[in-house]
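Can you read through this structure? Questions will come right after.
The first chain written gets the first letter, and so on, giving A, B, C and D; residue counts start at 1 in each chain.
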Amino acid sequence: MAECHPVGFQWVMEAKRKGATIFHVDPRFTRTSAVSDIHVPIRAGTDIAFLGGLVNYVLSHELDFREYVVAYTNAATIIGEAFEDTEDLDGLFSGWDPESGQYDPETWQYAGAPKAPAAGQRDPAQPAGDRAGAEDASTGHDHEKTSHGAARSEAAGSGGPSVPHRGERDETLQHPRCVFQILKRHFARYTPEMVHEICGISREQFGQVADALTKNSNRERTSAFCYAVGWTHHSVGVQNIRTASILQLLLGNIGRPGGGIMALRGHASIQGSTDIPTLFNILPGYIPMPHAAQHDSLDDFVAADAGKVGFWGNMRSYTISLLKAYWGDAATVENDFCFDYLPRITGDHSTYSTVLGQIEGRVKGYFLVGENPAVGSSNGKMQRLGLANLDWLVVRDMAMIESATFWKDGAEIATGELATDEIGTEVFFLPAASHVEKAGSFTQTQRMLQWRTKAVEPPGDARSDLQFYYELGQRIRTKLAGSTDEMDRPLLDLTWDYPTEGPLGEPDGHAVLREINGTGPDGEPLSAYTELKDDGSTSCGCWIYCGVYADGVNQAARRKPHWEQNEVALEWGWVWPANRRILYNRASADPDGKPWSERKKYVWWEASADEGRGRWTGDDVPDFIADRPPDHVPADDATGPDAIGGRDPFVMQTDGKGWLFASAGLADGPLPTHYEPPESPVHNALYRQQNNPPRKSIDHRANPLNPSYSTVFPYVFTTYRLTEHHTAGAMSRTLSYLSELQPEMFCEISPRLARQRGLTNGGWATIVTSRTAIEARVLVTERLRSLRIGDQYVEQVGLPYHWGGTGLTTGDSANDLVNLTLDPNVFIQDKVGTCDIQPGRRPRGPELVSYVDAYRVRARDDDGREPENRSDA
Amino acid sequence: MSNSLHGRLDDVQQDAGYDQHPPRMGFFTDTSVCIGCKACEVACKEWNDVPEDGMSLSGMSYDNTQALGASTWRHVAFVEKPLHPTTTDLGLPGMGAPGWDSHENGPASAAVTLPASEDQGAESGDSGVRWLMSSDVCKHCTHAACLDVCPTGSLFRTEYGTVVVQPDICNGCGYCVPACPYGVIDVRKEDGRAFKCTLCYDRLKTGDTPACAKACPTESIQYGELDELRARADKRVDELHEKGLDVARLYGRDPEDGVGGDGAFFLLLDEPEVYGLPPDPVVTTRDLGSIWAHVGAAAGALLAIGAASFVGRRR
Amino acid sequence: MRERAMVPEPEFESYYGKQIIKTPTWKTPDVPIYLFVGGMAGASALLAEGAARSGRPGLEGVARGAAAGGAVVGTVALIHDLGRPERFLNMLRVLKVTSPLSVGSFILAPFAGLSVAAFASHVSGRVPRIGRLAGLGAAAFGPPLTTYTAALLCNTAVPAWHEGHQEMPFLFAGSGATAAGGLAMVLTPAAENGPARRMAIAGAGLELAAAQRLKHRLGMVAEPYEIGRPGLLMRTARAMTAASAVVSLVAGRNRAVSVVAGTSYVAASLITRFGVFEAGLTSARDPKYTVIPQRERLERRRAEREHEDARPAR
Amino acid sequence: MAEADGNRTRLTEVLGHNGFEDRARHQTRNASVGHPNANLRELVAQGMHGDAPSGYGVAMREKTFIGSWPILRQISGSDRLGRGKAAMSSRSEHLQPRTAEADKVVDSVCPFCAVGCAQKVYVKDGLVTQIEGDAASPISRGRLCPKGSASKQLVTSPTRVTKVRYRRSFGSEWEDLELDTAMDMIADRVIKTRKEFWQWEDEEGRRTRRTMGIASLGGATLDNEENYLMKKLYTAMGAIQIENQARI
């Protein structure tokens, strides 16, 4: 956190000053470790084992916050009899289909649940999983799988996927099939010894963490977890976060001040880019993209949510308001509010699948907007092969980047795998405006929107992306004007009339934000998403952002100094939803609505003598229906928000409870399980199942995997950022003040590894995987520890990933080494892999290819089989 | 010139001719909370338009800045030290700067210190290493040698008690460079003049915080009235001692030290030289009287020699 | 390869072996030459005045020329060494007794003016009275010009220079005298160069004595004067100076010997300045010369303090 | 005169390295406008005494050349050693931070990571002169990390490309292209590729109403408003392979 979010880290230092104990769990001893109380070195990719160990510690020592757990989580919920755990099936949950390589979650349901309806997680028409599809890639059939399910798991970011039943509960937590007991059994083998064996963490150190964490989680105290892509960039990324969620729910640390799980996101508006997504599977506000198999009409589309408990029950209103924002008057009751104008997805269309599509010639036009995949995305070679096979490419950036120049200086040009005069891609490089040259809002990592005022005009041809897309839309619409082709209707009917301003004729960002906020029948801005209607009288571009323009005022532009308000600072910026700073903060009060303690007072129920006049109140905007008393019991037939009970803080979940056990929404199991990364030097100590069973592989000759336990690739590598650089480098390697601080690509290794391989500090090293080899200067440092895993040492090679071929400082890209194996829920890559490291610089030209090929052959011979695949599943 | 050349000097501005003046301002850099982010380095350069200072990987941990200089007015040092050092030479490849072994000014000890146990796994229950970071800066000495030796008056004492180069005056004589006991100031070759931290003299004029202190995310760099900072630092060091961090000590805080105390002082977690700071710096002008006396005596001796040379028989 | 000391060096810690103080940015040869010509000119002015008073016009002419020439060359060298030569006049903006360079500028400026005037008058025969007065003035500024350069070096944080501040002025005085005497020995007829020879011999004695004392008093900080290139320079200069002194003492009246010995004096003086200058740079570049003496000082103080503390308790 | 002018130009060019100097240069320029004959005097005055030219109205004690000689201030004042007040140049005396001279100061947010540190952007003559933290922010309290601190360089860096670059198919070099032409060409290509890869139904006859030929990958420094327009336009186009750093 000190490395990548130094300014955010001031609050950790503040907490430390006030007596908090700071643990830093990381493969490397970083700048964060340097000021933490205890650094816990961990083998990369074993977080579930560590966190699972903590869960086991809490459960086996009965240190859970029982009152919270019983009332606010689904610990008491009873799961159907058909459920079988990984403990029963040696690493698999019930419902595994080896043919498709997918789970059927039916057996994970709450007991007594009706059969999953058609709106369930799976695409019934889908014949086989991506494995089969990949083998038949040319048909465009590949990678089709539970994409809608995945969409729903994205939707869970703001709400929950459907559990159509509130379930039977045993609040004594004794029922053998209640979640609590299942959890106990599932994690029972995550003992300190097992944690030591898997993660390389000593029992003593594990004990320190467990003891401090549990002692600091109760009525009086809360503990927080902060994480970044060290948890997410794994083929078990989602389950890493799930494990932390389970732990925090058990400890009563969710929805309370000082608690929570804090995602430290890495880009200025990466949260905004998820909320108002430029993502394939969702529409603004985590509304899923319609799926061809299920959604022929608006009614089909909202059927899964209609009648649900909680705020997702109003899905119809959110969707129709969005369609009204998109197509305005053209969207009518008669034409299903233009629902049919929405394109449908049929599977995984995520970025890595798209790249495969580019390589295979199925995707010919590409926009890169402030993104540099040739350096920043995994398996750089595949990225560049894709770019080289386009008809046209539009790159919008502030500086020249590797993704725009691959045709003349990409690594494959040097090796002869690509030739400039054979690359047909037409490239448009359009300069982009900087953050001070345009007005707009960023949503930071705590869901806070903050407005930026424009300071100066952009230089030369530089334009904001807002203006680019606005003008592109205008030009396309002009060129298509008069078309009678049905396919052009959505473009021609689009509301695309934003006021412009300034010498460059830029669209007014305020007008766009106003559209996002939404307007009522009178055309005035709405104040809250609860005002959205399903009759077409309201329009709203992103329902969770409704209220950001309340009263016609840009709430995101508020800058009341922190010294003029309390520490929650509600009048600085605007946080979705409804300016709430802590989600699910109803949980900061006990079931009766009283604060758990005076010290941790945050939101509470203020009763009133007058019936119906009681209110939730506190320092924050209560995340609850303001006048719903704690003792409210909803009617059996209630739906939507009406069905939320007074003790159901998790208002977006269909049972109002925090989910220790996720019976729906996840592609890889209702509970987290430790699996080894796709490339690992060690065997899974828990199960015969080595890797996450439904992980998604990108099968391509440019993406070969190193065999597990290979002696040819004996070391683990992990990639990361440095404080001094930003992601793929376009915003830092182009600046002298940052470049001079970290002027060269380097790798970090332990003294033991240095000795083993004859590497010297300041010298050169070549790091090799089956994908390619890169070179880096060497830093020999005791900050990297040799970890003892069982009877072997595991050495880890640290690789910052910022470098590429352009800019003031250049170097090889660590991402060229990273294989493409994806998390099955969200299709995020696994950044951990195995490698060899040798002294000296890498071969140049075609020799690089043969050098890597030779390694591959050796690795295959060494192992006696082709790179590992799912045969072990 | 009682205490004007060395020793304690309570009103440094008055000594420099400011009869009325604002309080003496300074920095307290608490390295115990430094996270080595180098925001100070960049903020300083942005504000003062200091040019880039070379791009080479040093091999010295994360310190590629390496030292203060004409184009580096804040420098974050990174010290990696084993927690449980032994002097066993494990025959490791060098851990120093690249080309360490053949380096002319190599480290004092060629033996690489490592944890005693071959098993450096986490089994020992700790990370086995300390990583100290410290943002170094001009000390704005009470008795500033750079200022005193400056023949043009370019280096001068401001009304805030800070020591600043006036770029419109400096003629690049370079005298300040070897005069500084901390190795702070240097001449920028391509420019010809000497440069160093100004403690953001211009910002102080309107009551603003110097750029580095303002940017510092963890309040490692604290700016304020020197008296107040000293009190704060004393409290902080006591606090750390109470927590068992006996290694914490203040550096440059003592008004009785060799430079009369620094306007920018530090809380360190190891010996000063570990951070590249002189352990007991003394302003050269402490010996100025003696120097001039010897110069005078020597001149007298020369005069005597001259006279004596003409004594005697002429032929 | 770094030279290995005979005895194991004391352990000390440093930051990756980096030097602590900065290496002086003064240029070579500008500054050593300035040190040399300044010293030579100052002593020459003295010699000239003596010659004038004792009626040695030949010696006077040579010495006046040496003083004036030295002043001019020195001024040029000094200005050339500036990073911003066009701002050389800023040297006279303030007068700071704390700055030997400032004081030196206020010595060099009048000295240059006076010595050039005296020389011009001597050569042209014009305004003899003013010439005499100028010569007297130059002679007054001469010795300080010769020795202030020692202060210039010693009033720094460079260990080998600063720690030698008691000896350096004498070393420079002696070295200046040998240079002035030596030059006059070369250029003056034997009949008039007796004082020059005596000045050189006396200067040599003073210089060698000062150098000896410096070496002994400074201990490890004097090491740079002994090892490496500066060590070689210093040894060479010392040998040449001593040899010249012996030779000029024994056979100084011989014209040829006088020329050889004089040249050797001058060269030795020049080499001495290079040696002293470079020894300073060496001591600046190695952190041990900064750290070890300071560590020892701290230890000493700590011991004293403990001693003090212990006393009342008894 | 011409020579003096030339000297001044050279001098100020060299001076330009230091931020402080910009203002001095600016003032010098003003001065020379008001007093065409002041140049030589200026040069000499700056060279000699560093005192700013009398032209810009700060000539308090520099009535005469000699009067401004700091030595006299040394002798006449209490700064006998010439350390402080006596040695102060006129520039130092009238120094102001450049933030004080900004035409406007606008609120912004750091464009690097997602902490969301508030920034103040100082603008003078249409150019960004400084970007620093906004102390009022409850998130950042005015602090910035090294990247955030480099924001001014980010927006003013000469490494920015400000002209459209175009590489034709199979081309070996960049070419120039008018922005307007580029926009038009891109619109044409979108229309063409969209149509070429249009798909009303998938292989199984399910309605898809989409184009599979166009993809997009956006960075996560895009504004919400920009993301909104992007998703809206792409969706109306029928393009679905719309992705963002948020998945990477």
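The criterion applied here is as follows: a residue touches a chain if its C-beta (ideal position, glycine included) is under 8 Å from a C-beta of that chain, and two chains touch if they have at least 3 such contacts.
Bear in mind the structure is a predicted one, so any value in this text is a computation, not a measurement.
A comparison of the C-D and A-B interfaces places the larger number of contacting C-beta pairs at A-B.
Here the CA centre of chain C is 51 Å from the CA centre of chain D. Chain centres here are Cα averages; for chain A and chain C they lie 72 Å apart. Rounded to whole angstrom units, the spacing between the C-alpha centres of chain A and chain B is 45. Computed from the mean C-alpha positions, the centre of chain B lies at a distance of 30 Å from the centre of chain C.
Taken residue by residue, chain A touches two or more other chains at 6-7, 10, 723-724, 736-738, 741, 808, whereas all remaining positions touch fewer. For chain C, the set of residues that touch two or more other chains comprises 87, 90, 93-94, 96-98. For chain B, residues touching at least two other chains, in rising order: 37-39, 41-42, 46, 51, 58, 96-97, 100, 148, 153-154, 169, 191-192, 217.
Chain pairs that touch one another: A-B, A-D, B-C, B-D, C-D.
Looking at the complex, you find that chain D touches chain C at residues 7, 11, 47-50, 69-71, 74, 81-83, 86-87.
Listed in rising order, the residues of chain B touching chain C in the complex are 5, 58, 60, 63, 66-67, 69, 77, 79, 96-97, 100, 102-109, 145, 148-154, 169-175, 177-187, 191-194, 271, 273-282, 284-285, 287-288, 290-292, 294-303, 305-310, 312, 314-315. Residues of chain D that touch chain B in their complex: 14-15, 17-22, 24, 46, 50, 52, 70, 77-89, 91-92, 95-100, 130-133, 135, 142-153.
Residues of chain C that touch chain B in their complex: 1-2, 9, 11-26, 42-43, 46-47, 49-51, 53-54, 81-85, 87-88, 90-91, 93-94, 96-102, 104-105, 139, 142-144, 146-148, 150-152, 154-158, 161-162, 165-170, 172-173, 176-177, 181, 191, 194-196, 198-199, 202-203, 206, 280, 284-288, 290-291, 294-295, 297-298. The part of chain B that touches chain A in the complex is made up of residues 32-39, 41-42, 45-46, 51-59, 61-62, 64-65, 80, 82, 90-100, 112, 114-115, 119-133, 217-219.
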